[in-house]
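In what comes next, subunit A is part of two complexes: it sits with subunit B in the first one and with subunit C in the second one.
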Partner chain A sequence: MRFVDEYRDAEKAHHLAASIAALCEPGRQYKFMEVCGGHTHTIYKHGIEDYLPEAVSLVHGPGCPVCVMPMGRVDDAIHIASQPNVIMTSFGDMMRVPGGNGSFFDAKAAGADIRMVYSPLDALKIAERNPERRVVFMGIGFETTAPSTAMTVLRAKAAGITNFSVFCNHVTILPAIKAILDSPDLRLDGFLGPGHVSTVIGCRPYEFITRDYRKPLVVAGFEPLDILQSVHMLLAQLAEGRSEVENQYGRVVPWDGNTRALQVINETMEPRPYFEWRGLGFISHSALRMKDAYADFDAERIFDIPGGRVADPKACQCGEVLKGVLKPWECKVFGTACTPETPIGTCMVSSEGACAAYYNFGRFTRERVKEATR
Partner chain B sequence: MTHCEGDHCVTCSDEAVPVKVLRLHGADLADVDAGGGRVEQVSVALVDAAVGDTVLVHAKEAIGVVT
Partner chain C sequence: MCLAIPGEIVEFVPDRPGLAKVEVSGVRRAVNIGLLEGEGLAAGDWVLIHVGFALSRIDEAEAKATLTMLEGIGAAYDEEIDALRESRID
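And now, the complex of A and B:
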């Protein structure tokens, strides 16, 4: 398949692995964070870590929108779904995310009308077909998904659809990266930048990372060779003493992003003063809410939400995993009490979550290594 | 029940699955080949896409053209 096969060529991967090893300074350890959950998924699925020398380790970042959803917001969404005459619509990966009082699946089993959709546009169609019901779309995702929600709100307004609203939980990646850079417990040498978020926001917004924190960042694609080449580019920058934003994913990411997509986000949404990230706590200006002009489409204003904060389960160490301080298997409940079927923490829910990705693809490798070194 | 599993996450569209534009419906919507002969309608309001282009689609919204 075009745009896929050529980025999975094993021979090229071996070549890249050899030049990556050659770029490593003897005795030096390198720690790079892949910000996006999509990268985490690729890394485990294709065993990228096995291609890297021991000196290079990849740390999994906070870029899985499902994983960072705080429990209180899930409870708020279930509260909305339980109101009379409401149809709640949600992406499938949100359905199993546990709140303080269960997940969407649990609420659905208890009688709430919660439907899975593939896009906000599908939710809008449900609203059109059910004019007597109040249809709410659970808006989640980074800058990649926000344009889709924004466009749908604009379409609803243009079409005069009044029974559709959005429970807006869209988050933005830059404040989270900054929070990680300011966190004292993590030392990083560089970043693999999120490819698809960058399709929308472009490469320029990352310049504060390379300028103020002196950490190189390479916007990376999602195929195995994309990741390897991006690691190579990061190591080359470090070897040459550079700290720049580079774009490895040029076939998709324009340097200035998608200005039309940014415009529709800015037209309908604005930054919240602060938002809670699961495991990372409250981060200022890190999420979006509907603008006043679109209050009629804002589920948060239409429905009286409790807005409570729910502490993460004590046993769960998603926070440390999201910050890259712990590897998934170092969490106390990983693979025992917490599995993709019965997740305690959000990192185990989505296939992009570091724990689920590791559980599904990586754990056998580690078990083999353990046995071999026994 | 389908949910986020396997190769593709709806929320994040974690892999750039190439989706080819088959025909345009006005400036806003397009039929695309979603793989395996499955035709899906998506929004192309935010990109300049022509028939034959490969677009990156996210929650049925094309956010970029693959070049």
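And now, the complex of A and C:
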């Protein structure tokens, strides 16, 4: 096992891989979904799948916020950015995401004032410095990122800044997991729970998965060893007939999450009745919008957005990849028409996307492993 | 923006109780610590930072291990640090 040289604790990894194999019931196949894009990245970067026993496969989930952004919302954002006097601000990851009429980069090249920021607080700063302009922050991300947007809105309100608003596209992970569990396409045996989302929401909200669906879930860290240990914990639960929420990443994730972060989300935002996820379709209560009390900071109410739905390109199979039905390389356009330079689908845009992670690392690791084991 | 990166608190910002200066891979910037209110943060503590906000407190060993891993992932981490370098939170 060449790859363990890169591990912090090679001996532990050897030992884990062996006990993972020992826990597998002969003749049984195991499918675990890693919900978070960060995990997908680690798995491909370190070629973890290729070293797990044949009986265990890892399936990539919908936990990349850029990847799940539907094309219609990108078009809406570009519409806002094209209004008079507007400065649109966005995380860099969002810039290349294609909508029906191009990406932020395309709109910027065509003259829209779109600026990359590291933090929503940087967007607020741009608003303070440009009082005559209308500054909009493109809010994207799961529960990990929503508190930052919420804190920034609270700060804007407290400081009396009136030319700042948020185009809120924050999504929540639990309804997406539920949609996948209810989907007939895929039979899963358990989940690797998202590490950083859980820092905010804690471990309790996953209990419906273990109780109602009887699937074990282990909140996992991001190092190769964390992933292996979490797979081991899932297999141990199955072997003992348990389905529980366990926290492998306790050194970072408190069982009850970050209550202050949840509080600021609840103060400023509320669930939308439904939201479209790229490839997964409309999912009830799966995203957040600004509360009425913060209407003055809600770009959706300030600007008249088209709100249209745009179908994904026919050739694109991001939906199947996001649900874990297809592996990236099984998509018809993977690596040919769709590459990180010219992405058709969102999974190829973000470095956390399953397709980009596989394109950049996975396929090379697989080749190396094949050679090493030849 | 998908990454959460460890930073060491080097000092607090006078008159701005919600901010602290942190150092991440040699880059020193202010981040918001409002989400860790009441945790009694002190200089020398390590926090996990996401888009300009400290999200959780971590120990030094965890921080160093995470940094080693992040430095190993290449482009995505370099982009994150470049973005942080551009940040002007105050």
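Keep in mind that, in the parts below, the second predicted complex is superposed on the first by the 356 of 374 C-alpha atoms of A that agree within 3 Å, B and C clash if a C-alpha of one lies under 4 Å from a C-alpha of the other, contacts with A are read in each partner's own complex, and residues count from 1 in each chain.
Note that a residue touches a chain if its C-beta (ideal position, glycine included) is under 8 Å from a C-beta of that chain, and two chains touch if they have at least 3 such contacts.
These numbers come from a predicted model, not from an experiment.
J.: A:R96 contacts which: subunit B (first), subunit C (second), both, neither?
T.: In the superposition, A:R96 contacts subunit B only.
J.: One more residue to check, A:A261. First (subunit B), second (subunit C), both or neither?
T.: both
J.: Would you sort A:K125 into first (subunit B), second (subunit C), both or neither based on which partner it touches?
T.: second
J.: Which subunit A residues are contacted by subunit C in one complex and by subunit B in the other?
T.: Overlap of subunit B and subunit C footprints on subunit A: residues 37-38, 41, 45, 64-66, 91-93, 116, 118-122, 140-141, 144-145, 147-148, 151, 196, 199-200, 222-223, 251-254, 258, 260-261, 264, 350-352.
J.: Residues of subunit A touching subunit B in their complex?
T.: 1-4, 36-38, 41-42, 45, 63-66, 91-96, 116, 118-122, 140-142, 144-145, 147-149, 151, 195-196, 199-200, 221-223, 251-254, 258, 260-261, 264, 349-352
J.: Using the touch definition from the top, list the residues of subunit C that touch subunit A in their complex.
T.: Within the complex, subunit C touches subunit A at residues 1-4, 32, 34-38, 48, 50-53, 55-56, 58-59, 62, 65-66, 68-69, 72-73, 75-76, 79, 83-84, 86-90.
J.: What residues on subunit B touch subunit A, complex-wise?
T.: 1-7, 9-16, 18, 43, 45-47, 54, 56, 58-61, 63-64, 66-67
J.: Under the touch definition given earlier, write down the residues of subunit A that touch subunit C in their complex.
T.: That would be residues 6, 8, 37-38, 41, 45, 64-66, 91-93, 116-122, 125, 140-141, 144-145, 147-148, 151, 196, 199-200, 222-223, 251-254, 258, 260-261, 264, 350-352, 360 of subunit A.
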